[in-house]
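Should a chain be cited, it is by its letter among A, B and C, assigned in written order, with residues numbered from 1 in that chain.
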Amino acid sequence: MSEPVLSIRGLTKRFGTTTVLDGVDLDVARGEVLVVIGASGSGKTTLLRCVNALVPYDAGSITLDGVEVGYTAPGSGVRRSDRALSAIRADIGMVFQMFNLFPHLSARDNVALGLKVTRGMAKREAVARAEHWLARVGLADRMDHLPSQLSGGQQQRVGIARAVAMEPKLLLLDEITSALDPELVGEVLDVVRGLAAEGMTMLMVTHEMSFARDAGHRVVFMDQGRIAEEGVPKEVLGNPRSERLQRFLRRIELRTE
Amino acid sequence: MIEAMIYALPFLGQGFLVTLAVSGLVVAGSLVLGLVLGTALAFGPVWLGLPIRAFADTARAIPLIVLIFTVYYGLPALGVNLSPFWAAVAALTLFKTGHVIEIVRGAITSIAAGQMEAAKAIGLSFVDRLRYVIFPQAVRRFLPPWINSVTDSVKGSALVSLVGVVDLMMAIQQVIGRTYQPMPLYLLGAIIYIAVNASLSVTSRRLEARFARVVAS
Amino acid sequence: MDYHFNFTIVWRHAWRLWWGLGLSLQIALASLAMGMVIGVVLAVAYTDGRRITRMLIAGYVEFIRNTPLLLLVYLVFYGIPSVGGFAYDATTSFIVTLGFYAGAQLVEVFRAGLDAVPPGVVDAGRAIGLTPLRNLFHVRLPTAFRVSLPALSNAYVSLFKDTALGSVIAVPELTHGAQWINFNTFRILEIYALLTPIYLVTGWIILAALRLLERRFAIVRPQ
């Protein structure tokens, strides 16, 4: 783990008068699995959405391999053109809490769409790669199914395949198991574990503490739009310094018991 | 009664074609304009959306006959000379566009916001997001109300007779002017309009079924 | 473009517009009342009736729905007297036309309203010993009516717009008044620049007023 793929400096985001992100500094190294935890409203999801340029932000900078993400230059305040944004987003994968699969497309076409349209791959090549990734997430026999014909866990695995098939430099995972029935969480996290083992760079928001402990390289605790604590998972989760983190971990533990 | 109808039929052919032409032009024109303006209303900035909304609301709130007279009598006063046929087609198209804008906007905004975000996340440009993700889903919500509005266009086309265009309605009036037998002719006219609309709804139901199968969610 | 606006001539005849507006609102109200009677009766007949009744009602609804209103206006005003050997004045004829036209739409509205009455409520009526007819008048119709209120308001505004077609058989309503001024003063643009906002604003006002009224009849009232 050497040079940072993602570099966030002084990121500030306000909704009206509420400050959701308050000067966040964060680096994600190549191949690193960085887990973000925090109570709802602490700004974790907004952080991911800023990184993928889904929402504008008020100050600071976000760079991917040295290139400013949402704006023409750090602090310029000028949004990039739609085309430039698309090119950058193609290098950042995102998996959503509510899956957000395209309901009118089969699992195969959900994965192949970005390859064909964004990456400009030939149809056969795109389909081959889509099928490869669907097989990787254990859905070789579900390629022709529409999202409505799949279980939540299967849908989310399609969501992961859709994101990683683009071979992104960075994968964003936004509470990807929160909408799942408990018995389906494992199959999705296993896929993520496999990706981590292969060196995929990931920025992951989750409430699965045991997963954070054994699969995360580093944990960041966000509180009121700031990074309150960070370090290796065993330290941060096993030996929380602030009272707020202690309280947060107790609440999570109670819920998962 | 039946003889009067059979006598009249040959005189109605030309007018029937004009009715089909007016309806077809209006449906096609309003579809194109409505798609563009409705999409702009759904995604565009406020300065673009406000005039579109004002136009759509006005077009839908005033009687069609008033719109036709306004265009037919008003344009020459402004120095624009259109034939009655094109003046009527223009007025009907404006009217119908107001409806299509509303249908398009409704269909688009019924698609969950997450769809747009997921499409952005795989790097699709705005046009591609519409083409591959939003429109294929929106079309299913768009079709039923739009098909109803096509029937309305056929019925509304009868108003072009009021500015002297010889459509089916006018042709019926002309035959009545010769035979003085209004009842059989009006009933015959109703039957023809009903037949056109019935065949339209059969076609459209097939179309709807096809799209419903494609998006079985 | 060398058109010079001149509203003074138009103002001299403006009473025809206000008078016509009043008539338009009354025609819409009369035809709504007639349409409601037709709608309720046929909706009950459809819901409780046999197959043949249903088919006849569906035939009436489809006939009206697929025929241009203009043709219906002519049919009632010129067609029916020609075979019936009697005559009536244009306004009456037009109200009857719009009434049947509204009736076809309101059958659907009231049918949906009757369908929306929860079966448990009907059972409750039966349980307190109401005869089917009493159950209809005291339980089913009042409930269906309240569900249908927003659709009735929309129908009224829509009928108000449709009154403009009365001008083709010289009913002296709003659009006819405008045309009279147009043909007698040739102040074309002024007249239509006036007519369009009159329809717009009147439509808004009556819809807003009816929405207030709806709230008074609503089953679930804000506390």
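As a working rule, a residue touches a chain if its C-beta (ideal position, glycine included) is under 8 Å from a C-beta of that chain, and two chains touch if they have at least 3 such contacts.
Since the structure is predicted, the reported quantities are computational estimates derived from the model, not experimental observations.
Relative to the centroid of all protein Cα atoms, the closest per-chain Cα centroid is that of B.
With every chain reduced to the mean of its CA atoms, the largest distance from chain C is reached by A. Mean C-alpha positions place chain B and chain C at a centre distance of 22 Å.
Distance from the chain A centre to the chain C centre is 56 Å, each centre being the mean of its Cα atoms.
For the pair chain A and chain B, the distance between mean C-alpha positions equals 46 Å. Considering their complex, residues 1-3, 62-63, 65-72, 74-75, 78-80, 82-83, 161-165, 167-168, 175, 178-179, 182, 188-189, 192, 195-196, 199-200, 203-204 of chain C touch chain B. Residues of chain B that touch chain C in their complex: 58, 61-66, 69-70, 73-74, 77-79, 151, 155-159, 161-162, 169, 172-173, 176, 180-183, 186-187, 189-190, 193-194, 197-198.
Chain B makes touch with chain A in their complex at residues 112, 114-115, 117-126, 128, 132-133, 136-137, 214-217. The part of chain A that touches chain B in the complex is made up of residues 52-54, 82-83, 85-94, 96, 98, 100-104, 113-114, 117-118, 146-148, 162-163, 166.
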